[in-house]
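Note that subunit A is present in both complexes that follow, paired respectively with subunit B and with subunit C.
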Partner chain A sequence: MEFIQYFSEVFTPINLMILIFGTIGGLLLGATPGLSPTMAVALLIPFTFQMEPASSLIMLGAVYTSTVAGGAVSGILVNIPGAPANIATIMDGHPMARQGRAIEALHYCFISSLVGGVIGVLLLIFFTPPLAELALKFGPSELFWISIFGVTIIASLGGGSILKGLIAGGVGLWLSTIGYNPVLGEERFVFSEHLAGGIHVIAALIGLFAIPQVLSLVSSAGSPPGKGKLAELRSHSVLKSFSYNIRRVKALVTGTVVGSVIGIIPGAGGQIAGLVAYDQTRKMSKDPSAFGKGEPDGVIAAESANNAMVGPSLVPLLTLGIPGSPTAAVLLGGLLINGLFPGPDLFTVHGAVTWTFIDSLLVGQVFMMIFGLMIARYSVFVTRIPNHLMAAAVIVLAIFGTYSVQNSISDVVVMLVLGILMYYAARIGFSAAPLVLGLILGQLTETNFLQGRMIAGDEVWSYFLTGPINQIVIALCCLSIGYSIYNERKQIVKRRQEARA
Partner chain B sequence: MKIALTRRFYVALLVALVSAVIFKVSFFQEESEVYLFPSIVSIVMLVLSLVSLSREAYDLCIDDFQPFPFVRQIPAIVMMAGGVALVEVLGMYSSAFLVLLLASFWYSPHRATRHRLLQSLLFSGGFTLFIYLLFSVMLNVQVPRGVLI
Partner chain C sequence: MNIMSRNRAGVLLGMALGLSMATSPALAEYPDRPISLTVAYGAGGATDFQARIVTMMSAKEDKKGNAVYLNGQPMVILNRPGAGGQVGWNRFVQRGKKDGYELAAYNVPHFIAQSIVFPGKVKYSVDNLEPIANWGADPAVLIVNKDSDFNSVQDVVDFARANPGKLTVSGAGLYVGHHIANLQFEKAAGIKTKYVPAGGGVKGMQFVLGGQTMAGFNNLSDAYRSRDRLKILGVADLQRSDFLPDVPTLKESGLEVDDSSVNFRGIMALKGTPDMALKVLAEKVPAMFNDKKVVKKMKAGGSPMRVLSREEVQAMWKERQAYLTELLKDLRKK
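So, the complex of A and B:
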């Protein structure tokens, strides 16, 4: 029970202050479009040089935790996800905000983040050794199939048509290949100077979500923001949200379990945790058609998964030095700067620093929820902004957010082009989420596919198709597609019967 | 069964053509190993888009089309593109100010008056200051500077 022994270290005045500032700063950075948790942690590393090792890790851990949750704020309010991890949150979070239920959505977001986050950190504390062994069993073939599983989930995220979902996912996968081959390093598909470095995920993310939002805002710019929304916003107390949120056991458990499992898989990235949890919750729901139209379970599942992923993503990092997510990779840099090398020594020789850091993650979850709920209270001001001003502000935020990623105007051009095309694609039934997921998973899929081929030599088929983990994930892929086809056919039959009636 | 030449069919045809172009640029390359993964993706996309085309031809899909309100959106697209094109000349903050001013003035639901122009000017100035404080002062992002700031 070493983690209890070092709890008091988190509450020293300096560490507590760092934890509070880190959490508030992380929430604000997370809510800024374009600033992903990875960038936020990377930005803060230089500020930790002068700190004690424990304090610096507390700062980085607090920022990591709170940026993941903070990214949902801009997603829910203005439909720009703060980070790829928040894509699933906006699917129901933003429709809730449009119905005047922004505060309620933000409440569920932060309460679910707390539940998922605390369970994720407890997993980190109690199950680090066995989970590390599980993580070691994932080689290129298993990671390739995990990515393909992510891609098959795309199908059901497309909304109406599974085929359109898969095609959009395919476009995303193909777009991810623009730039350089990740293994061989050779340039390909650079049709314009703006595509020289490939398509940056954050630029695509902002473009695909923010620009269609701008174009729909200007379409309805004449209509005043509904005044009837306020009454509903005020009537939703935090206690009511707590009570509702805790009763949504299925969504919370699905989100937490999915987030924890995906978080531990090295390289899979927390980006897909929310989407997988959202998809599974929708499939298990009694009324899947309510999802995408402002169903609270969608927000609860996505956000509990996002934060449940944080703790387990540190398991392979702390034990084996293998980061479970891109942000964990940046945190690895923070550990090394402080002279802490992953492995058994971390929990013995440097036990005081490591356990203080892990304990701070637990306390940080509580602070994140408290400050998050405070921010939610003021979100009403954002929902009252007239459409034409909101559209103007989103354009400029999208441009600056995209530019700040790599200080590149080419990213801004790519963002705009993708965004405008996406708006019209959405009007003919294509969805942005599968495209973004394809873009995110593209490099991971290709890298593992090519590495797997090199390892397998002449036995490519047996390498990719045998082994218990491979076969389980392949079965999951088939189930995911099969279930989506079944659902779509059911929908078509139902609509035809309604039309005939 | 009779082929239904609906607008959905023509869109599916366009998607199939785009998939065919992607297949062509991915598959017919000299260094096959570099293009292996995109080639596989493009084959899958082509097959899917052909399946989609055949389903649309026999009217087996859900109608999920929405109208295109082009007229309202063209000014916004021009403002965004123009703003980005002017970044190199005017600088990022001046371009942002211009885009904010034009978008907030053009799309305002109220009549064009001097008062409304003043409101748009105040909003644009205030938001540009906020953006400056956030990106340049707090986050230290180096943005292109032009004739003004």
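So, the complex of A and C:
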């Protein structure tokens, strides 16, 4: 219960101010496509040089928490996820916005983020030692199967046709192999100099989601605002959202559990947490067909998952120096620069700083929700922006966001080309989500397979197929595939019956 | 703004002339705008993290407002990660301007080894780059899990001899310091191991902590921080480290392994950069590295410093180039 005594540290005027500004800034940065949580935290590190250790960590922690949630804002309102972690959020978040329920969707997003986030941080506070042990058990073979599990979900994210989902996912997996082999360093599929560094996930994310959006905004530029974009925004009381949100126990629990578990696994990251939680919630729902058409449960599951991940991703970081997510990796730099070395010392010798930091994460979740709900109120202005101005603003953000990731004009070219291709692909029924996820999972699968293969040597089969975690995840993969086939058959039978009737 | 900077240049000019007649006026003019520093690794990694610290005092002014190091100009870090540094460094030599305003951070032996192993693909080498100064040196250490049966370098060698090709060793990547250390280790002990490039030093450490690999070569600084969960068996350097006085060098353990794998980090320019600029940088950059605040932050971050002058780095590069060409000659890819 040591953490309780340090709450007063969080509420000193200076720390409180840093926490509030960090949270608001993080929400805005997160809502900007291209400024992913990782980027935002990396950009802020130099500003912490002159700060007290506790204050600098409070700022980095606040930004980490709130950028993850902020990424949902642009996703829900304009169908452009702020970061890979928010892809699952837009599946139902944006359809809700189209029905004029944007404010409601944003309410669920921030309330669920709070629930997931707080539980995630509580896990960090109470279960760090056993969770750290668990984190170390995930080697290349385990991570390989987890990414395969992600692959089994891709196809069903297409919204409509499984076949188109599979094709898009396959193309995504292939795109991930462009550039250097992540382990052996050989170059593959580099047809143009622009592809020499491979396709960056953020460039693809922005291109595939933002550019088709811009093109369709332009094509409907003459029509009055609101038409073809978002229906007139309906206001929604926060209290009503609260009471509805809290009663969606199944979606909340699924999201939080999945997010926490995946957060602990070093290297899996938030993008998969949201995706898996979304998929599980849909599979367990009484009416899976409602998903993708504006089902609040989809938003609740995805957002509780990607914020639940934040706390547990710090477990291996704080105890072992192993970051659970790319953002946590940058946060490690923030710790080291303050002379805080991960390990047991962090909770004893440097306990004051560490516990203040962890407490600020808890308080930060509450601030994030409050400010998030305030932003939701003003989101009505976004819907009033005329289409041509919106298109211009999005294209500017897309180009700057992409360029800023690696200061590379090649990324911008890749982003634009992918985006234009996606615009036409979308017209024949393909969707962007399976493509981006293929790209993300492809890198994860390949790296871990190759490393596992090198470690295993002659014993490839036994290395990948034995061990309790491997077998559990393999079983999950089989269940996931089996369920998809069963469900698809059921749908076909149902359609036939309807056709006969 | 313009008048101010002209004034400042004037003051500096006067000071430079007043203090030393030998100092040319050009010294006061370069640099008159910010300098960019390409880091070929991602934001938050060890190289990026250290580069940000060692350049943070670049624009420092003393109490009277006079520039201390680089005319009050900041160094701006540009991250261009990819393929173990190849993307960033290739870009640097292909697109960079030779005006002294575009610099890059180097990692030795990484870039030299890459230029030897991938002669066609890699466009950079010691021949088209100019060292400015070195800020840090991090030797590779041989580590095993706390629960491992290995208690000495000899135990590891014995196991590898009895089980050829079975010993798994993790490291940050291919042709980086850890890989070079393992190649030297294999050669000196006459063994064959399975080297697993983990994709980052921290990941390599994780493989050892989690028991995914039996041993690993990793940065001394990172191993030192995790020393309560590891056994550090040997240091791939010529002398023992001040951080770990009880850990023998590999040489003391009877293996002919020198300091060729030590990870040197510093700043470089393109060949063809004006002599005037190189002269200013060679004089001011090491002083900037030795700034009290920089030294304090680096120490707090557990990053071992070794400031070397331009001449010393030139000699070090030359020596590494010769040695690595010999060591890697069988691995050359055409």
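Just so it is clear, the second predicted complex is superposed on the first by the 481 of 501 C-alpha atoms of A that agree within 3 Å, B and C clash if a C-alpha of one lies under 4 Å from a C-alpha of the other, contacts with A are read in each partner's own complex, and residues count from 1 in each chain.
The criterion applied here is as follows: contacts are C-beta pairs under 8 Å (C-beta built on N, C-alpha and C of every residue); 3 or more make two chains touch, one makes a residue touch a chain.
Remember, predicted model here, so these are calculated numbers, not experimental data.
Per the definitions stated earlier, placing subunit B and subunit C onto a shared subunit A by superposition produces no clash, and the two fit side by side.
By the touch criterion defined above, A:Gly351 reaches neither subunit B nor subunit C. After overlaying the two complexes on the shared chain, residue contacts for A:Gly197 are found with subunit C alone; subunit B is out of touch. Of the two partner chains, subunit B is the only one that A:Arg495 touches; subunit C does not reach it. In the superposed model, A:Pro342 lies in contact with subunit C only, and not with subunit B.
For subunit A, the partner with contacts to more residues, out of subunit B and subunit C, is B. Applying the stated contact rule after C-alpha superposition, one finds that A:Trp174 touches subunit B and leaves subunit C untouched. In the superposed model, A:Ser161 makes contact with subunit B only, not with subunit C. In the superposed model, A:Pro288 makes contact with neither subunit B nor subunit C. Of the two partner chains placed by superposition, only subunit B is touched by A:Ala392; subunit C is not. Of note, the Cα-centre angle with subunit A at its vertex and subunit B and subunit C at its ends comes out at 90 degrees, rounded to the nearest 10. After overlaying the two complexes on the shared chain, residue contacts for A:Gly467 are found with neither subunit B nor subunit C. Put simply, subunit B and subunit C get as close as 10 Å, counting only Cα atoms, in the superposed view.
In the superposition on chain A, the residues of subunit A contacting both subunit B and subunit C are 43, 184, 407. Note for the complex: subunit C touches subunit A at residues 43-45, 48-49, 52-53, 56, 78-84, 86-87, 90, 118, 121, 165-166, 168, 173-175, 194-199, 202-203, 205-207, 209-213, 222, 225-226, 228-229, 297, 300-303. Those residues of subunit A that touch subunit B in the shared complex are 32, 35, 43, 159-161, 163-164, 166-167, 170-171, 173-174, 177, 181, 184, 186, 188-189, 211, 214-215, 218-219, 221-224, 386-389, 391-393, 395-397, 399-400, 403-404, 407, 409, 412-413, 416, 420, 423-424, 426-429, 445-446, 449-450, 488, 491-492, 495. Within the complex, the subunit B residues that touch subunit A are 8, 11, 15, 19, 22, 25-26, 29, 31, 33-38, 41-42, 44-45, 48-49, 51-52, 55, 60-62, 64-69, 72-73, 75-77, 79-81, 83-84, 87-88, 92, 96, 99-100, 103-104, 106-109, 123-124, 127-128, 131, 134-135, 139, 141-144.
Residues 38-39, 41-43, 45-46, 49, 136-140, 179-180, 182-185, 187, 196-198, 266-267, 320-323, 329-333, 336-339, 341-344, 406-408, 447, 451, 454-455, 457 of subunit A are the ones that touch subunit C when the two sit in their complex.
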